[in-house]
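Pasting the structures in now, so scroll down.
One chain, chain A, appears in both complexes that follow, with chain B as partner in the first and chain C in the second.
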Partner chain A sequence: MLFFSYFKELVGKEVTVELKNDLAITGTLHSVDQYLNIKLENTRVVDEAKYPHMLSVKNCFIRGSVVRYVQLPPDGVDVDILHDATRREARGT
Partner chain B sequence: MSWAGPDTFPATSLADNLDKKLLVILRDGRKLVGILRSFDQFANVVLERSTERIIVGELFCDLPLGLYVIRGENVVLIGELDPEKEELPSHMVRVSPADIRRAQKAERDATELKGTMRKRMEFLDLD
Partner chain C sequence: MMETGLVAVTERAADGGEGPLQQNGTLYITTRRLIWLSNDDLQKGYAVTFLSLSMHAISRDTNAYPLPCIYTQIETGGSDSEYEEADDMEEVLENDENHVEDDFSSVQEMRVVPRDPSILDQIFQVLCDCALLNPDPEGGMKSNFIHVITLLSPEQNKKVKRSGIFNVNEVFAGRHIGEDDKPSEVPDIGELQIHDPRFEDAEEELEEGNGY
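Entry: the complex of A and B
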């Protein structure tokens, strides 16, 4: 639940999602769910020439299970709050 | 949210994409284009009038597939194709299924050849 809540705070920010098939997509985080499925808006593929079929795709749904990384803006993280939340979560289990 | 009615879907639902033409990328690298008719919480989807879009270099081909039920675990990405925009760069050439299969095989052979050559160079351990 921690990362679900964390991503909910990032809705509206620009992120780059790198998938396990090496496709990297930049876009605005529109929504996230309990499976960490991601919906991005205003998407553009990082290496456009390699993926011509994505040319007219501007919004997409990404299944959580295929995400390798979610690259965030450097100021997108409040490390202290994240640390506190992590400690709380660890104590709970 | 217990007060939400049965029709309120979570934020990332595909409900907004129903009856739209979508691009579905699968784990095996295939790209299917079709109209979303149904989905569920596992991202299983039903795609009507689906075609497989094969792209090799500048060539492309759409193979008609019909009505598909895709198991969610194979889905990588579901993209909304903007009807106003061109789906593919205009310089791409549509070819027949036979031609695209030939082009795919040529691409596979070239990658294989590159792979074996690299293995040979690595064996020599040139620095």
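Entry: the complex of A and C
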């Protein structure tokens, strides 16, 4: 549940979600659920020329299982807290 | 598990890929699948499980696509299929025009165009809810777990280097996302029970679904 809790903290911030099919979408994180399904608003495709079909889309729902990377805003990362949280999660406590 | 329909969202919707718009049909959304059936051609219909519906979005910018619609991306299971090969709806339709059993297994995009655009938001939300009802099956983790990369500020970067903060294994142990779990077979559309009075009896199933 670590990443679920962590991503919830990022709601309202801008993230870039890269899918396993290489499509990368930048948008405001609207919500995330326990399966790490992600809803983005005000979306734009990073490589618009390559993915013209996405131009008409301004919000989207992405299934967690197809996400390859989530790029976080630098100020959305508290290294110390994330560090502690990941250690706790790894210990299973 | 839940076999009966959740909600029939709209009537006389049409869908189409890059190819020409399909004729009018009816969109059904069950707890497990999104199904489009032609109104005119009994042989024609598409279905996709929510497990393989990797993305859905509302498409409203008519400069980019002429009709307001729901845009979806479908995970095909082809391991490293390139996005560029995605525009195959049209191709498939042309090749197999006279076959009843067309192979749509490689189609990666689909648009659902309701006749009444005002229900786009409702369809979008129902698809979100259904995704929640269909998490990937547990187990079978290989290398497809989620990665998190961070764009660290220079100070944070220094900090990380100094303390060796991110033990990769530790970080990645946190949360695994299932691999490409596909249902072994797609059942027929009997789950719709279109003309069955039990179709309206979905309340129990809904309550079950709230457990998520």
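The working rule: the second predicted complex is superposed on the first by the 92 of 93 C-alpha atoms of A that agree within 3 Å, B and C clash if a C-alpha of one lies under 4 Å from a C-alpha of the other, contacts with A are read in each partner's own complex, and residues count from 1 in each chain.
Following the convention adopted for this analysis, a residue touches a chain if its C-beta (ideal position, glycine included) is under 8 Å from a C-beta of that chain, and two chains touch if they have at least 3 such contacts.
Because the structure is a prediction, the values reported are computed rather than measured.
When both complexes are superposed on chain A, chain B and chain C clash.
In the superposition on chain A, A:V57 contacts both chain B and chain C. In the superposed model, A:A24 lies in contact with neither chain B nor chain C.
In the superposition on chain A, contact is made by A:L2 with chain C only, not with chain B.
Comparing chain C and chain B on the residues of chain A they touch gives the larger count to C.
Shared-chain residue A:L10: touches no atom of chain B or chain C.
Looking at the shared chain after the overlay, A:V32 reaches chain B, while chain C stays out of its contact range. When the two complexes are overlaid on their common chain A, residue A:Y69 makes contact with chain C while staying clear of chain B. Within chain A, the residues touched by chain B in the first complex and by chain C in the second are 19, 21, 23, 33, 37, 39, 43, 52-63, 65-66.
Residues 1-4, 19-23, 33, 35-37, 39, 43, 50-75, 77, 79, 83, 86-87, 89-90 of chain A are the ones that touch chain C when the two sit in their complex. If you check the complex, the residues on chain C that touch chain A are 53-65, 71, 73, 75, 81, 83, 108-109, 124, 127-128, 131-132, 135-136, 144, 146-153, 156, 159-160, 163, 165-167, 169-171, 173-175, 177-181.
Contacts from chain B toward chain A in the complex involve residues 10-12, 14, 17, 23, 25, 27, 29, 31, 43, 53, 55, 60, 72-73, 75-82, 85-89, 92.
For chain A in complex with chain B, the touching residues are 19, 21, 23, 25, 30-34, 37-39, 43, 52-63, 65-66.
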